[in-house]
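Down below are the structures I want you to see.
Here come two complexes built around subunit A, the first alongside subunit B, the second alongside subunit C.
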Partner chain A sequence: MASVSLKNIHKSFGKIEVIKDVSLEIESGEFVVFVGPSGCGKSTLLRLICGLEEITSGVLEIGNENVTSLSPRQRGIAMVFQSYALYPHMTVYKNMAFGLKTAGEDKSKIDQKIRDAAKVLQLDQLLNRRPAELSGGQRQRVAIGRAIVREPRVFLFDEPLSNLDASLRIQMRIEISRLHESLDCTTIYVTHDQVEAMTLADKIVVLSEGKVEQVGTPMSLYNEPANLFVAKFIGAPAMNLIQAHTKAPLEDNEPRYINAEISGKSVRLPCLSYNYKDNQNLTVGIRPEHINILGEDQKTQILEEDLQLPVVIDLVERLGDVSYLYIHMEDGTPVVVTVSGQSKLNIDKKINLHIPATKIHLFNESGERIM
Partner chain B sequence: MSWHPKIPLHVFVFLVPGVLIYTIFSAWPLIDTLLLSLYEQDDSGARHFVGLANYNILLFDNEWSNGFWNAMWNNLKFFVIHMLVQNPISLLIAALVSNRMLKGANTYRTLIFFPTLLSVVIVGFIWQLILNPLWGVSETLLGYIGLDDYFDAWLGMEPTALITIALISVWQFVGIPLMLIYTALLGIPDELSDAAYVDGASPRRIFWKIKLPLILPTLGLVSILTFIGNFNAFDLIYSIKGGLAGPNFSTDILGTFFYRTFFGFQSSLGSPTMGATVAAMMFFVILVAVMIYFYLVQRKLQRYQL
Partner chain C sequence: MFSSLFNSSKNRGNSAFIHLFLLAYTLLALFPVFLIIINAFKTRKGIFNDPLALPTSATFSTKGFEKVMANSDFFHYFSNSLIITLGALFFILLLGAMIAWALSEYKFFGSSFMRFFMAIGIIVPIRLGSVSILETIVSLDLVNTKTALILVYIAQGLPMAVFILSEFMAQIPKELKEAARCDDVSEYKIFFQIILPLTRPAIATVAVFSIIPIWNDLWFPLILAPGEEARTVTLGVQQFIGQYVTDWNSVLASLTLAVVPVLILYMIFSKHIIRGLTAGAVK
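Right, the complex of A and B next:
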């Protein structure tokens, strides 16, 4: 168990800079998830921490010790690969023993460690099988077992669940979570699946094009996305984004409000700073579950600054417990609304949306959060 | 209870061309050769059946068997040199060339494969020139590094001629096993070596413990292909040493022995029936080796799903 600290890490392949100045503090025992779209550099960052790729510039510390130029073994790291990377010609037992044998540990000790790990991972019955004779989930567990027996200071996982089917993925997710509870080992986990990130992480690091967009707990990312990228990326269905632009401030303009126009309608939007000019672009974000439908829900209280938008329903998806309404506004902007239960609304119906001002996220021209 | 699969007639129609071509050009010549080895031809050209008498002569009559066993023995040496030199070298080069860090790997690969594309006649000629004690360049080249005292007319001396030719053959064909092994190595996912590296294994240990076991089937294949190639070899020796495979038959292998037997050489007349007997023996030697390989080796070597 050890803390990990990245200081201004850069990585280039030839002329292409893949990791751009990443700095990050990971505390001892923390479960950190790197999440981001495919190709954003998650695997590269993980391989840098692991020692499989050379760091172009920057400093990597593990347990307050500079490990920038050390090998994976010296860093005390174990990694679980996306394809599991089990040695195909070795039995499960030998797969788990390989790293320990390489380190020259004695046989009885190795045996004890493997039996212990096998018990935890329910691999006892499979120790003499070869990887080809195992199911996807079992291979996954062997890969994890191979990492555990090494007793690493830091565990690395690179999209470990992406080769499993949906139900197995949920099961393994729970197992990994439980394993982390019991081992209490610093874990860095890479995924492009934001649900995995939200459910597993103590701390999420959102990456985009080799840069850190935001670091925070799952709920802080959900509730207060720092920028448009994070707002779009976290949450399913994704946050609705509606274009707006500012209008000249009035003489008696109250602080903390912006005058703006959304598809031709004047509105007053709450905001952190009120230094703004005329005709600046804004993006209004609102999560699908925060939108109410007027006339459907009797309890909605409409406040003065709340938004009301007339819309038309394009499509209704009923999943039983919730329904998704796919809607377009008068100017064509698509909006998704989540309503609980089985909605009775139908296609082409005209309705009025109610967007509570307190639930609005507001982003300025450069995509940064201003509310 | 029996199940009669109904094979529609057109299946046979489609099979006919292939079967016909294979029979005419492959199976029949082989069978004809085997049959011919059971006959004897007298001076008038008439043939009569003699059973296994030709084999008896070839294997046990001193006049024939000395030459045959000499050729067989030389052929074995020829094969062993290939196994000890060609295949380890190609394994080594393949391992180096498949290294992700190596720049210009493709160039090396192409250069090493290049001699394989040359005609054997040219290779034989070039090496004869290079090694020629009178006007060859090798003595001068060795002189540059102070080794000219060790130079000798290797191709012309009984103890070294066969080894020299075998090494020339290795030089020419090292590219083929190299390609096979290289392809097999490329087939091993990078993540496997990455995983082993994270497990603390050195590159050498990764090679011996992870990569080598995974390419064993290919090494088996390379061995048997080498065997088949070597026991059918003829052209390089013929182009360097001619049909007499000198000096004093020290480079004679089954191919050249067969050539002299079948077509005759200088004053001695060729004998089609004895030639067929030698050819049949070559066929049996290769057949037995391939069978041993398939039944004993290949079945034990598992191909792993990577």
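Right, the complex of A and C next:
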């Protein structure tokens, strides 16, 4: 178990800079998830930590020891690859023993370790099989087992579940979570799936185009996304984003609000502090489950600064426990509303949306959060 | 590659044609071997009266084999050939695999020159260098030794071996060696315990390609080791072929015997070749 610290890490392949100035502190025992769209550099960052790629500039420390120029062998890490990377000509047992024998450990001790890991991962019956004779989930377990037996200081996972089908993925996700609880080992986990990130992580690192967009607990990213990118990426269905722009008069005496116009309507938006001018673009964000439908929910309390928008329903999806209403506003902006239960509303029905001011996220022109 | 061609129903007619063609070619290629073997079991008279006839009770004779067996030199030649072929083969495969791995895995000073150098070895026939090879062997004082032949055959076989093996090694998923590196496995162990086992089908292919020209070669034994000590079978057979009289019984019998070890080696390696060709399809 060890902490990991990245200080101003850069990585270029030739002239293309793939990782741009990433700094990050990972505490000992923490489960950190790197999440971001495909091609944003998650795997590259993981491979830099692993030592499979050379760091172009910056400092990497594992357990307060500078490992920037050490080889993967010397870093005390174990990596689980997306493709599992099991040795095809060796049995499950040999796959797990291969790295240990090299380390020159005592035979009976190795055997004990492998049998313990096999028991935890339900591989006891499969120790004499070859990878080709295993299912995807079993291969994944062997790959994890191979990492566990090495007792690394840091576990690295690169999209370990992306080759599994949906139900198996959920099952393995829970197993990985449980495994982390019991091993309590520092873990860095890469995924493009925000659900995996939200459910597994102590701390999520959202990456985009080689830069860190935000670092925080799953709930802090959900409740307070630092910018538009994170707002769009975290949460399903994604946060609704509505264009607005500031409008005179500027109310100097009431700095908590700014006047704006949304789809032709004048509104007052709550705002922490915003040094604004007239006619600046803003983005209003609201999560689908925070939008109420007037007349549907009796308990809705409407405050003076809340938004109310008349709209028409385009499409209704009912999943049983929730329903999604697909709507577009007068200016064409699409909006999704989540309502619990099986909605009785139908296509083409005119409704009034109620957006509570306290649930609004406000982003300035460059996409940063201002509320 | 071919198996998929044969399996698809669309190409069944096509595949019958290909089979027919290959069968015809096989017959053509095997005919001389067949002639040698049937005539090895005939009397001298039988050979000359009707070379194409199978041995009958009248013409059957194992005189050639008896003569060859009685001639202790023959076993000496035979073991020379075997030692030279297997010795050269061992080093071609070992060094070839190592060079192929080095060239496909590591960037080092001169690696691209090395690759170019190996490519030239494929293009230029080694016999063009016979004169300088002879000079080198003479100056090393290795004339009439098996070592000389083994060295030359290693040089002859290496370029093709490196070419085939490095192509094959490039297809091994890079995650395997990366996983091993993370697992603190040494580079030697990665090569010998992961790369070599996974390259086995290609190694078998190279082995088969390399054995035959070495076993059959007459040129280098003739110029580098004509002496009694290191004489090979192909050269040894020449003693039965005289300027005026040729002992055909013995020639054919020794040639028949000379086929046997190649056949055995081929059978050992071909099992792996076939496995190699189907490995990708079955996966």
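As a working rule, the second predicted complex is superposed on the first by the 365 of 371 C-alpha atoms of A that agree within 3 Å, B and C clash if a C-alpha of one lies under 4 Å from a C-alpha of the other, contacts with A are read in each partner's own complex, and residues count from 1 in each chain.
FYI, a residue touches a chain if its C-beta (ideal position, glycine included) is under 8 Å from a C-beta of that chain, and two chains touch if they have at least 3 such contacts.
From a predicted model like this one, the values you see are computed outputs, not experimental measurements.
*Asks:* Will subunit C clash with subunit B on subunit A after the two structures are superposed, or do they fit?
*Replies:* clash
*Asks:* Have a look at where A:81 lands relative to subunit B and subunit C in the superposition and call it first, second, both or neither.
*Replies:* both
*Asks:* First (subunit B), second (subunit C), both or neither: which does A:356 touch?
*Replies:* The answer is neither, since A:356 touches no partner chain.
*Asks:* Can A:52 be said to touch subunit B (first), subunit C (second), both, or neither?
*Replies:* Touch partners of A:52: subunit B and subunit C.
*Asks:* Tell me the contact category for A:367 with respect to subunit B and subunit C: first, second, both or neither.
*Replies:* It touches nothing on subunit B or subunit C.
*Asks:* Clash-wise, after the superposition, say which stretch of subunit B runs into subunit C: 2-10, 20-28 or 254-262.
*Replies:* Stretch flagged for C-alpha clashes with subunit C: 20-28.
*Asks:* By the touch definition above, which subunit A residues appear in both interfaces, subunit B in one complex and subunit C in the other?
*Replies:* Touching subunit B in the first complex and subunit C in the second, residues 50-52, 71-73, 77-79, 81, 83, 85, 87-89, 98-99, 102-103, 132, 146, 150 of subunit A appear in both lists.
*Asks:* Could you please specify the touching residues of subunit B with respect to subunit A in the complex?
*Replies:* 189, 191-192, 194-201, 205, 209-210, 213-214, 302, 304-306
*Asks:* What residues of subunit A sit close enough to touch subunit B in their complex?
*Replies:* It is residues 50-52, 71-73, 77-79, 81-83, 85-89, 98-99, 102-103, 130-132, 146, 150 of subunit A that touch subunit B.
*Asks:* Which part of subunit A faces subunit C closely enough to touch in the complex?
*Replies:* Going by the criterion above, the answer is residues 50-52, 71-73, 77-79, 81, 83, 85, 87-89, 98-99, 102-103, 132, 146, 150.
*Asks:* Report the residues of subunit C in contact with subunit A in the complex, numbered from low to high.
*Replies:* 173, 175-176, 178-186, 189, 193-194, 197-198, 283
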